[in-house]
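Lettered A, B, C, D and E in written order, each chain numbered from 1.
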């Protein structure tokens, strides 16, 4: 049984249908990648899975439990954590307080070791631990957002374009971090425009087009797919 | 008044400086408690809870009803101190419950449905104003235009003298109790999980949800805390201003409290405290220097404008808007 | 007038306070004109007298006192005169000058209305006096006290009570009677309060040791109280309404003030006593109104209309002014012009005073009564002048 | 000003005091300090008229800060920014825009409730003169300007390729369209220098390709461009010259091919080239 | 507030509501709108003319049920409604168009009323001028006040501005009490009126609401035309942009401060004009009623009508004035009911009754033609086309409704000159 399963999902904004008939299954320990052009509905799907948007139709199950009607904050407590598009940094909190928010759902404890782990991954955050989140540079905010999600040690980590706005060197680092946390047992659902690198680490991948799922396969399969190459991999 | 309509008499202030100061602080403590309610709700929802003044006056009505049902009346009762304190604490608790309840009702009726529909900020403001009207005129229809008969809890007794000014038992009770409450709230917001939740929801409601913050519960809790503080303020208000409980009583005090919150930097808990005390002081000083109580509000608003010109986000407020482009 | 003997000499200590004795009885003149008339009146059933003034809003209580008084008169009249059933119409202004023109224009437009009881407040009277004038509709205000009102040259304006120029000196006289030496004058921001204060200030002379002004709606008076206490005054004249007067008196006494608190008719309301609580014990009042509760037959009839409430401030005036119109109708008047003439030339005794007007519409009888707090009520201490 | 016949109006005749290839903007010793942090440390570079200058550097190097200091959002603690020899320091933001410096935002900041065309109109208005009276009484100038908005506004939208959604609310547009609209709106102000802050963020490679073309076309129209971007393929493919920042300091300033080989830049920013698949 | 709401048990229904509700029209509105759009130009003009004539005739027709009599003279009530409409129109410039929250608009209204009083009432020591001159004078004076308030405070954002304006309104009211020449509660009597007599009695009298009403409606029509012109111009666009994102507007070359000041001044001028009109009609001005609750009522009028829509806010103003006049007998209940209505309205129609986005370009018809003409995809178009826009996928096409570009010229401001 998949750890996280999305079945026949449909989400609307008002009367506008953003996605429909989305089926994604993520097995425990996998890295699954969603790719698709702008406006294809990737973010919408992620937000629906994490409970920020309501499913109009379809179901979302996590560890066999139907969470479709569960509120967002309850899903976090169950172990689903999203790094949102646009980062979602609390602008008026310091870097450290932002990280601390990552542990909000954890009952009581506030493990120093988690901070160490994050600071080790992102030394810049340690340097700036008292700077206000809102004044960090674009890339720094992205680090903070990922670091914050890691603080919660989620079972499934949803990442919405984590490489956006990062310097090339850093993008590579992010992908190795993703692999690392995955190898430590965290399941990852990833949305990426950087399809080359994403597909390289993906166990499986799905292609979204205009709100519908058009292709699924292993990372390798899609990497080799010609049409995919043309559009998402930049012919490279 | 006759003659010159404006004249400055600093001598008058010097003569009674300390007495004016202590009194301003007492009044300011009440403003600060109410201002906290504005600031907390503003902090979490970014909106002026216009109905907060009615939340406050609801508590004041509760205090009056409860105390008069206990037999408190126009003259100070002759109760043993312990009994008196017990009665007052009970009255305070009831006021807090009533105000807190009213606050939650306001939230559920006037804000929650709008939030669910993603209404604009102005819509919230108008809805709050509507709710404020509703509550005011419920009180009006129920109790009429006149203030409630006064209940006297105790006659203020001089306790000690500072710089020639007498500080009485009433002032002392109000200031100490109010300060304790404000410190508690400050600590709650700064140190507890609830406080972190409040700040998170304030800054980014969606991301707060992603952190596992139950936004609805945080909002209700914030309104409730604001309500509790307003209830406490109501007890002190009735203590100090016995014939001040009537349907518009909240509105009049509410504007000052709100001014206090803005002066201190709305959204900032310590700012509300500072702003409250300042508004109390400024009003008293201004009225004394200018010779008429009629100047009180003019002076308060002029100072507000001047302060905001120098610090556009209030004394302790920070500006996040321009942080990044 | 029945005055009490003065007590001891000291002024500050409450034990030495002068207590003016309570007036127990009000002599009602045998000639008093009552609404019932002779019972043989005949008139058109459409004949209407209107009350125009506050019925709702924050100032409604005064209006209610008045139109209940008028209603008492109408009921009495219509019961006694089966062939003359006068219609009584109530039109609400909320006591607000900006809102009053609509209702008044409406009243003047309805031709059946040949006389108006109202308007109670000076502001709205100022705003609308011209409309009455343009339409030859006579109106008798049972409560507006601003002296300027009669200086407009309006021929249709009459006042059923003494104006501030009458009450102001009475306040000063009351201070004298109470043997107070140092007085603080506190005024509010109303036309009424400021007008009265002006008169008091002129008459008071050296006794005036401090002054302050407060605003409508104010409930906390710390700076004012500080000022009064600093001045060591033994009496305070509060020139305004009870809504601010009550908390002021209460806070004053809480701060240890032991002198008199003296207010005009705007303060004289049982609500003042309730709100000021024990503090109200120090309070004396002046009023150009007649103590209606000392007239048992009126008080009883009034209670039937009001649902049990005793006559309040200006209830008697409401009755008396209505009675004047009713007697005019009974005498066969059917139009406005004649009614205007009738009122202009009227000379009759009412429950409390004689109604006869000078050219400007001011009453010639300038009776002012003194009152004081007793228990949780207000009782008359008799005529002051 | 340029050859392309049917798009002549996109880059209208403007008086630019400097000739092609000469220094249009001079950034000299620019420093910005936040509290104790020196986000920009004595950075100097020139932008020549007609070129596409890339501004790259690791995250937090100070690129956006440099933009902000140039466009008047932040007050530099030291240094100067000269446009055509005139200092921009201390000028109000809208003045700087009118003088010829336009920008897009790292996080899209469109007027969401306005249509795409209206968004562009706001940009065009920067060059318009009609005020209250003229608008209220509808003077000929008002009509002239309004007509211009329609023709030129539509041309700009067409130019960036989103004319088909000209009448849709900006916030309803797909992400890519919004990015393009930002460029159109900035172009509408008739900039002498167009500053683009990570215009390709969130684009997939195919979309980046198109954007690259667009940037080229904009330049060919006669605009000068300053570009911040992390996508090396795009930067290398489109820029004429690149300035590299690290920790607020300039560490390199050269043509792309030289930058690619610069060891300091590789260490600070690019990292070791390696095949993606094995990352 | 974020447009998204977190998930609740309401589930799908809520998602439906999220974000877009403000722009969902009830079907009557849609139907009316499309019906209107289907009329030809001259039909629209004719209909507008009929509506305007009906508006003028309203007090003469004095429709039963709608009338405020016998409590209030209907013509005077109509004048009050029109006056509130004018006030709302002015406040709408500040709040609805430029997005500046002004809780002290009553202050300008008061300044206007006092200007008229000071220069016409015999109670004032100043030189007296004919009443009609006080109207432009009141506008000038209030603009000066507006600018004097605006210069130091317009740097403030959102609610800080709101409280400062509220303070300003209160200061004006209190100074009217304190400064002796303003005569506090005593007030000014016999304020001037426009000239003209019939049979020896003045046309414009306090008791005759009709001429006042016609006069005010005429003012409203003129103001609406002028404001409509402003709206579809650089100024209107600048205001809207400021409301949307002030920083971005500034960086796009909009001198935001100047335009905010312009909005403030325009609003102030109209507030002053309304105040002077009130002073003239009542003939008496004192310090009452220039209070915060009335100021808030003004704001409620704007939101109720639908900020941004000129005709809408005028109707909003009229409703706010009408309800208490019609239901005088209800006493305090009418405010209670009013409060309930406000809350319900914000819940179910937070854009107000007639909320819509204003049109910001002058040549509305021309653009549509142009866009239609050019929308045909070209060969070189990017593949965005393929990813399909949100609206393309949606079942119902709301685009035309939202675009803000319609053929009609609702206020009749264009055709006359174009």
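One rule holds for everything that comes next: a residue touches a chain if its C-beta (ideal position, glycine included) is under 8 Å from a C-beta of that chain, and two chains touch if they have at least 3 such contacts.
Model, not experiment: these values are computed from the prediction.
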Contact distance in steps, from chain C to chain D: 2
Chain of greatest Cα-centre distance to chain A: C
Pair of chains joined by more contacts [C-beta pairs], B-C or A-B: B-C
Greatest separation from chain D - chain, by CA centre: C
Rounded Å distance between chain B and chain C, as computed from the means of their C-alpha atoms: 37
Gap in Å, rounded to a whole number, between the CA centres of chain D and chain A: 30
Distance from the mean Cα position of chain C to that of chain A, given in whole angstrom: 77
Contacts with 2+ other chains: residues of chain A: 37-39, 51-52, 71-73, 135, 231
Per-residue overlap in chain C, given as positions that touch at least 2 other chains: 57, 60, 189, 215
Of all residues in chain B, the ones touching two or more other chains: 204, 206, 209, 215, 292, 294, 297, 322, 324-325
In the complex, chain A residues that touch chain D: 35, 37-39, 85-86, 124, 131, 135-140, 142-143, 161, 164-172, 175-176, 193, 195-197, 200-201, 223, 230-236
Residue ranges of chain B touching chain A (in the complex, touch as defined): 193, 196-197, 199-200, 202-204, 206-215, 318, 320, 323-324
Residues on chain B engaged by chain C in the complex (per definition of touch): 1-2, 12, 15-16, 19-20, 23-24, 27, 73-76, 144-152, 155-156, 170, 240-244, 246, 248-249, 252-253, 284, 287-288, 291-294, 296-297
Chain E contact footprint on chain B (complex, rising order): 5-6, 42, 45-48, 109-110, 113-127, 129-138, 140-141, 204-206, 209, 215-216, 251, 255, 258-259, 262, 266, 292, 294-295, 297-298, 300-302, 304-305, 308-309, 312-314, 321-322, 325
Chain C to chain B touching residues, read off their complex: 57-61, 187, 189, 198, 201, 211-215, 217-224, 226-227, 230, 243, 246-247, 250-251, 254-255, 271, 274-280, 376
